[in-house]
């Protein structure tokens, strides 16, 4: 279509019947938009989640060591993490935006806060549940407190810690979908766009399905990790 | 979809002023928020509680309970809310209620199951030996003993549902979420103010249910 | 447990070796860092004056995504570095972003600038609207580049079935409808080019406003959830016969050509101005509708559609 002196309007290619009517499962849309919409969103989602879990894990471990060592601090630290956890995700994002802006930092701070409660509680519980007989025999063997911690308490706490990691991972992946409200990244973004575009069913189902699959895959992976790290529990 | 100003401590002051200036609006929205959340919770309780209790009593369906728990955790709330808009339920109250119900069921079901199935087998045997009917064993022996865990499951579900109702605003739901997603109408002060309100609401619900859970630890008086 | 204790003993020996290796590694990396630093410093001195980084922001609907991609790709083709911040929000919010320096370029509708940002009254012609918008922005350290041929005004949209049911052809006709709902983006509530204009200039006091969060006006119209909605004149959905736009006899929706709002610093770059204006000149109404259709109906990605358009018009 060439208008004299006007622009050339190329043929953008019309959508298939399925696409133009917003069908349930348009394979042509999926094939053409895997590379530019779904896959980048998936990768961004994994990045956001991994970063939050890694930082959350390190922070929670540090806090758990403090809470385990100094029982008095366990109460306040636990209460603070409890408090963070009850703030709904969207509300926490909006509360952080005036402080850290429309950036990944805002998203990460919120995601890390949510992992803290789950991981902290599980780590402290895991350490506290080490059977006293194990500690007794370790002391009897003449181990120093540090050796005892590294060789007895920590390994025996691993199953509980990994169980907490499982829950934290799945919940982080879930909350990361809401991050698309703040930054255009993650699997939440195709969902928001599809809601705007007359509820494009294929995009919602594809992005949502990928998110569920990601969460389930992470859960199963961590089950294997748990089994690998605790060979004695299989005996 | 909001923009950050430079950080002003005054943003939070403005937020409190917003709350003070708009009590009626916030009360109405809180009411709508609770209407959505409590409807979903009620439906979830009716569906999942009897089922979980009965399965736990029969010691059947461990696999079901575990799978529901794992899959339930893996369902991202935003995804469920988006899926619900695709159903014939439209975009308003009922699609969000259904989504929230689905989110509430897993913790209620799983906790009820484990609460009942982990009651000391000897106690149950003794009750059976005394000639009590199965239903009476469940209601008068197992349930009182397992009540704390059952209440914990309901508490988790309630907090989850109240928190997720915030996101329902994206799919036509009413409630405090409507203000939180709408900076153009209410300004940053309004958005932050409503966020503080919904956090307070969740904390309140959590605290209330915590108290109820703790009070359920008290064993029923033994009848002489 | 045995595995864990044996690692402890061997760990001692490994640690000594690693200490020596670590020292060597530190020395080498320090040397490399110094060398790289010297080379960069030398080349920086010799490099030509760098082009400014353009941070483009867009609002939150299809047409803006397309416009954003068009300007982004055209500038990148000319060697500019572009930071792309899509989906910031409404005019009021994105205006705050450019004033606070978070972005330095965004495509705006000039009528919105005049009535909703500057709070001035309507202008009588498209040219007057553009001039008023430009002079207002220049008073605050920003400016407008050339306007596009196309305009995209808000509109009072109903389904054709509804129009027949109430027997309405113009917005003024809606006076006879007892009560009705009108949906729009939240910012519509406080704009003379939207709800306020309907209430004050048309006297439609009985209208009930429904703010849009994420769902589109057309979805709500289809579901019968609203009587009327704020559609945009370049929306591809309006091209068929399913929806009707009532005539705006009092012109409350104004003239709305698009012009990029930029900082004065960016406007000083002659190549940038030339590149952007060349793109704007090609954006006619048929072109915009075609591109909007490709994204909203045919579900193509805005980036692909923009790329195809730029290529066909030798702009990239």
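Going by the order they are written in, the chains are A, B and C; count residues from 1 in each one.
Everything below uses one rule, namely that a contact is a pair of C-beta atoms (placed from the backbone, for glycine too) under 8 Å apart; a residue touches a chain by one contact, two chains touch by 3 or more.
For clarity, every value in this text was computed on a predicted model and none was experimentally measured.
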Out of A-C and B-C, which chain pair has the most contact pairs? A-C
Chain with Cα centroid nearest the overall Cα mean is chain A
With chain centres taken as the means of their Cα atoms, state the distance from chain A to chain B in Å. 21
Roughly how far is chain A from chain C, going centre to centre by Cα mean, in whole Å? 30
If you average the Cα atoms of chain B and of chain C to get two centres, how far apart are those centres in Å? 38
Residue numbers in chain B touching two or more further chains are 1-5, 85, 170-171, 181
Hey, what residues on chain C touch two or more of the other chains? 60, 87-88, 102, 214-215, 219
For chain A, which residues are shared contacts with two or more other chains? 101-102, 192, 195, 199
Hey, which residues of chain B end up touching chain A in the complex? 1-5, 7-8, 11-12, 70-71, 73-79, 82-83, 85-86, 159, 162-164, 166-167, 170-171, 177, 180-181, 188, 191-192, 194-196, 198-199, 202-203, 206
In their complex, what parts of chain C are in touch with chain A? 1, 4-5, 8, 60-62, 85-88, 102, 214-216, 218-219, 222, 282-284, 286-287, 290-291, 294, 296-301, 303-305, 308-309, 311-313
In the complex, chain A touches chain B at residues 82-83, 86-92, 94-95, 97-102, 167, 170-171, 173-175, 177-178, 181, 188, 191-192, 194-195, 199, 201, 204-205, 207-208, 211-212, 215-216, 219
Considering the complex alone, what residue numbers of chain B touch chain C? 1-6, 85, 90-92, 169-172, 178, 181-185
Given the complex, residues on chain C that touch chain B span 60, 87-90, 92-94, 96-97, 100, 102, 185-187, 189-190, 211, 213-215, 219-220, 223, 225
